[in-house]
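What follows is chain A paired twice: with chain B in the first complex and chain C in the second.
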Partner chain A sequence: MGSLFRSEEMTLCQLFLQSEAAYACVSELGELGLVQFRDLNPDVNAFQRKFVNEVRRCDEMERKLRYLEKEIRRDGIPMLEIPGECPEAPQPREMIDLEATFEKLENELREVNQNAEALKRNFLELTELKHILRKTQVFFDEHEGGANTTESMTRALISDDPNRHIGHVQLGLRDKQESLEFLPCFVAGVILRERIPAFERMLWRACRGNVFLRQAEIDTPLEDPSSSDQVFKSVFIIFFQGDQLKTRVKKICEGFRATLYPCPEAPADRREMAMGVMTRIEDLNTVLGQTQDHRHRVLVAAAKNIKNWFVKVRKIKAIYHTLNLFNLDVTQKCLIAECWVPALDLETIQLALRRGTERSGSSVPPILNRMETLEDPPTYNRTNKFTFAFQNLIYAYGVATYREVNPAPYTIITFPFLFAVMFGDLGHGALMAAFGFWMCYKEKPLQAKKIDSEIWTIFFGGRYIILLMGLFSMYTGLIYNDIFSKSLNIFGSAWRNNYNQSTLESNKMLQLNPDSDAYTQTPYPFGIDPVWQLAEANKIIFMNAYKMKISIIIGVFHMLFGVCLSLWNHLYFKRRISIYVEFIPQILFLVLLFFYMVLLMFIKWTSYGPNAAHLGSDDPEIVKTSAYCAPSILITFINMMLFKTDPNTRPQCNDNMYAGQIGLQKFFVIVALMCVPVMLFGKPYFIMKEQKERARQGHQTIEGAAENGAAGGAALPPPQHHDEDITEVFIHQAIHTIEYVLGSISHTASYLRLWALSLAHAQLAEVAWNMLLRKGLMSRDFEGGIFLYVVFAGWAAISVSILVLMEGLSAFLHTLRLHWVEFQSKFYSGEGYLFQPFSFEVILDSAGQGEE
Partner chain B sequence: MGMKFCGPKLSLCGLVLSVWGIIQLTLMGVFYYIRAVALLEDLPIDEKSTHTIEDFISAAENGYTQNAYNCWIAALLYVITLVVSGHQFWMNNRSSVSM
Partner chain C sequence: MGASFVPITVFTVLWGIVGIVCPFFVPKGPNRGITQVVLMLTAATCWLFWLCAYMAQMNPLIGPRLTSETLIWIARTWGEPY
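Now for the complex of A and B:
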């Protein structure tokens, strides 16, 4: 069991695998997911590696599977996925079977599709012909009664719609005189409906108005066989004269992608043709149906196995990819791999390797050798579903340096807590907690659903954070005594009215003095007294003073904790100098200045206030400890930094909070300031000293060696290198010190965001209540109930969208910042790289996501 | 049997809203009924017509009772909403299962 406090201990191992056993062993390791292989031939490109052929075959299989999947999707057949059942990587010899199966399936499907497309094209042509025959029948039939001469027919057609075809009317009038030479020809065809206007114009211009076009829309959409889209088309018939026009008309038709069909002139022929077309369509329909059935059967059979096949193929591919990272030894009998392994899991890995050897039937066991290395190992923190989200928050800032203190376990508590300080409201917290609880409770079914929306993934990934944030907000909401901006009076307020009736009637606003019997002198047992909700005049002032102090107190403790964690790092990495010249001055600086300020706050809270025995007393001794004499902490602190003493403007009060305050404060500031040069020069000085020491020893040994007559020289690095190193150390240390000193001031101030966001949230909640819900409560009659019903829905929507979602998001981001900048900057360097083990689970997951 | 006029999302929204509404409005009704001081500002009181303390107290008493009933009426309406959207939700779920 690894610990959450630091990343796992890793070892670099060398693995010798028998060629025959390599595949099975790697497959076992992939199931285990605890080994990160290193690329041993980085300068060999992907096409020159040993197993490039196999990888290519896997790619081909994957392509075929994707084609199958696409076809299955198109037919809307559900693909079965048996949860929890994941096939093992198949043996290499099974690959041929799989390939054959996919090949067969793909060919069959392609053939079926080709046939279906041809049939559909045929079907489309016949349907179009059917429509042409039917529509042209109408054109011709309209004047069947008249003489069958073409002239009268044409004229009748022309006069049909004079308003629309003004040009045609002119044509007709002119034609009348030339009727004797009039020999009409016509072509009929089908064209896309949206092309009709352009087509008509083109015809008119190109033929100078010497043609006549009639068109009718086909009501039902037709299926385009190549794209299987539904398209609307129109039937047209063009009358014209002479061969020249005919070629021109045909060219235009071609240009507009119209399909022309032969259409007999005689009505009887047409009828006969129509009959023929109808029977052919019927025949085609049955054939088409059979083709579709066949296709469906093939796909249903494939759909049962397709997920399974995908998994198999991806596993094979992953194994060969991994094998490509290995080295071949000289005898070609054995593959050599290098891998990072968690030291605690060596046993399990050995077991897995043994299983792999047994499965492959090889007799030579694989050899796993530990290697010594100076390289930085990868960072690996074992997580579970609960700690995973918190660890990811840390990783988002930077992956921890190997074996560095991991802030994640502390973040589990501080993150929801700091969030809750900003989001403190029992009602909103309960909504958030309910949502988080639902996600945690329905974890398995929701996980199985695999919803792909990005926002959902974020929420679901952080479900435990959301639950904790909600619960903590409920707690701080109780402390602030805020539930949708109203207060709960659970234990009975400690305040009461001590004014008589006439005073109450004659005053708009009255003050309750805690230094009188208006206050029972025993505080409300838990959180803020509910009476403050009614104190419209000074509630915000009171809450600000309280929340600002709370924020600074929390902030200083948070930072002190961060500095303490750096001690743990120094101890672990045996940086003894750093403890003396970094950790101790750092913590002194913070404690003497800021923790002292926190102490002042507590002193102020505890030593100033009403004296229960002498309420409202004017006794000078009692006045000195009354609220009247309470000093401002901020002013006191500023004066402390400036070595200034303001004379107290209130003559009744003491100048100081306690005896010897000024002297002690001066001492604190001087010590704190003295810590700065220690931080600045301490480490470079020690390093320099150490180097000199080493140099002297080096000289001695070399001199000694030279005296002994041996050749000396190269052992000592050139002295310039040292100087460079030292300046670098100086610059680094200067940056570090300035960052820390200025940082501890600005970071302390930065924690005031806890107060600011909390104030904003409380005020916004109050505005939402006053502007919306109160409107529903101002009715003096029973119809107010219905009004309230409507207003409540609006208020609920605003509450969720603005107060919970938006405010929650902003509080979340501020909390994240407080952790990344204010907390982690004290101890966390985050310069490591992540351990990425070879694991089928990860590979399959990412492949599954990439595909959708 | 029955007709479906809400989609799955709307019916779910209605369900959540009405559960919330029932809980909160019933509780608010109770708080009005026991004359919670915190809700004093949310009462229909005409400032101009109340001159004396007695006037104010009686107006507040009336307001508390009235608002308690109004809250319960609204809660009742949310019970109806809950039933309707619950039915719709069930219909939606059933149809999606049968598909």
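Now for the complex of A and C:
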């Protein structure tokens, strides 16, 4: 039996590992990924476990690697993917080597970085100074040129006549050009450009307008060494007088984080200084270049191995984490582990353990013991890349109870099929199938690309579902005869025009009569006749009648299938009582009421209509089977449930669809209603009976034990039974029954969403065609071509975005609901928990994702 | 009964082959069971869907209501009634 039909059989095993061999063995098991270890020291604090030290060391190594990676990323050096296979987990002794390597690399890098930062800071200062010298030169030149005096003269004036300059200040800065000449002190510096306005305002206010600020922007952005951001700065120079103002100005500069630089007053000094700065900058540049080169070399060397190292470290860490779950035995020489293992894989696991022992060079083989347990084993379904997506759809609802029937294998087909009933359109289906096929065909390259957009991941994960949904939509589209809301006339329509010319000319609309030679009396062989697409007046009436019926038919079959799967569950778990008091009444209820309705539909399809041999006949016998006498199925069904017969309004017709219909229907309804109390009370009754039986037997054993005790043997404790509370059973069963009975009705109605969505899809497609493409196709001439070009773009965009994507999504969600609620509620309890094996692959994958 | 022998046979046999005959020839392997289920369900669903479309049209209760222009076009391109 294929494994996907039920979850794998699991066994709880006890594993005895020699302490030397434990590491290697766990490493092998991690490569295998088939063992789920249980925590044997759940009450031990994470810090008190045995291998805490090792885990901490691994964490430290990982931190170093992350640091390295960050640096590598910052320099934009490509990291090499691991060539070929993943490296195996290294031996524990290799850990020391790795640690040493990482330590060395980290230290080296940190040192280089520190040096580089210091150098950069130096460089920044020099550059700023360079700019200051250059810009202030302009200020000085300006005022010298404007006042037509030399600096020495200014100085002389100031020293000569202090009164004058005081007077000037008292007058305020009436004339800036003039006043400049008399301001003796200044500071020059650099400040962030965005701080300039606030800085200026602050200076003005704090010094009451007694200072004069000139500023110039530095055009090239400068690099901030601490954050390595590019920042824009401005050079400023402040002129003021007096020590009091000087301290104030300096304080303000400090407050605004402006850097002040010494700036000589004499032009010759400035020039000299500028020269000195330039040479120093050049020297620094060479040193910086060398530092950068060195850093780059270190990083390139590290980039080659970093992925490899990451894998190794993560594997070591995972192994020690697992070892922390183990128990030490009394002699301290042996580690004891408990694990869930798929029964079929015991041999592979034994082999892996043996490999591990050989690798570690230990002489004592590990021991794997099966254990008996009452615990529920985890659910494990072996999937491949095709079934994986379908299994996930099921898991999204709930993980199957251990060994329960798994709906996934049936979902593979029923899911795309129900989707396609709602999405039926050959054109849209083909688009979807093409997209799905492309993703399946380019699977490997697309997987390797590792696109981490969430929407893409969802689409790519469901590529096989999308492909199948597309293919089934193409089939249902062919049956609906819908391709972008147009029809194909492959086999030749079964309808002809039988009106003569004068009738055609005198009427605008004419209805073809099926009871005449307008209809060939044999239907279109595959799908819906193309004539209906042309019949804009009553196409919907015909399609609604057809689609509603097929929705109910498909729904009833789907639910019957679900109930049958519950039988398989009961048989497997040997719940004989459940078969009699649950499965049989359930299926009777469904068949007698709803499957009977389906049968009525088929009877109506086959027995009412034109008679090929007597077209247009008025013979009363033939009228009875004509379209005129066709009953409404819904009314018939409602009357059946209400035990009612409508008064005959059509005297030519029979009251019944077949002889004895009323009696049979009454019988069906009564039997179906009788099923309800069986469902309600059957199981609690049997459970009660069983408990009584057991209680009596229990009495006997106790009595027997007492006798034994009297005879000198030890008194046995009475056998423990997990007797469920009978009221609880009753309530549980009542809920189940109500759910099933009411559910059958509401679920049947719920399948009408198949009709509703397929109607909506067909109508939307038609609207898109009529409102857009038809307008384009009807325009003529050269301009018409251009118009069509534009209109086609609009129509294609709407077709893909609304009809394929949005409608596809809504149909997908409705299909999901039909499976989760209507189908799975019949047999699936979903109360299990997932098997999560210790596997390097999973650990590395999740670590890789967390990092991005 | 307005059924025709040929299409019913053709499509029933076609889906019958897919759903009943093909499952016997699925290669042995771990996925044999799944493939069989897939084939059988495909055949069952597709056949049922086709059957419903066919039967719904076997005895039409109403005929299409068309504009006379469409009817004239039908008369020209699809030909006369049999």
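The rule is short, and it goes like this: the second predicted complex is superposed on the first by the 786 of 852 C-alpha atoms of A that agree within 3 Å, B and C clash if a C-alpha of one lies under 4 Å from a C-alpha of the other, contacts with A are read in each partner's own complex, and residues count from 1 in each chain.
By definition in this document, a contact is a pair of C-beta atoms (placed from the backbone, for glycine too) under 8 Å apart; a residue touches a chain by one contact, two chains touch by 3 or more.
What you see is a predicted model; the values in this text were computed from it and never measured.
In the superposed pair of complexes, A:T476 makes contact with chain C only, with no contact to chain B. Of the two partner chains, neither chain B nor chain C is touched by A:G289. Of the two partner chains, chain B and chain C are each touched by A:L504. Taking chain A as the reference, the larger set of touched residues comes from C, when chain B and chain C are compared.
Of the two partner chains, chain C is the only one that A:N384 touches; chain B does not reach it.
Within the superposed three-chain model, A:L534 lies in touch with chain B and with chain C [touch as defined at top]. In the superposition on chain A, A:P525 makes contact with chain C only, while chain B stays out of contact range.
Of the two partner chains, chain B is the only one touched by A:K486; chain C is not. Within the superposed three-chain model, A:S779 lies in touch with chain B and out of touch with chain C [touch as defined at top].
In the superposed model, A:G616 lies in contact with neither chain B nor chain C. On chain A, the surface patch touched by chain B in one complex and by chain C in the other comprises residues 504-505, 534. Looking at the complex, you find that chain A touches chain B at residues 431, 486-489, 501, 504-505, 530, 533-534, 773-774, 776-782, 784-786, 788-789, 792-793, 796.
Residue ranges on chain A touching chain C, taken from their complex, read 1-5, 382, 384, 387, 409-410, 412-414, 417, 421, 475-476, 479-480, 492-499, 504-505, 507-514, 517-529, 531-532, 534-539, 541-542, 545-546, 549-550, 553-554, 557, 602, 605-610, 612, 627, 630. For chain C in complex with chain A, the touching residues are 1-4, 6-7, 10-11, 30-34, 37-38, 41-42, 45-46, 48-50, 52-68, 70-72, 74-75, 78-82. Contacts from chain B toward chain A in the complex involve residues 17, 20-21, 24-25, 36-44, 52-53, 63, 66-67, 69-74, 76-78.
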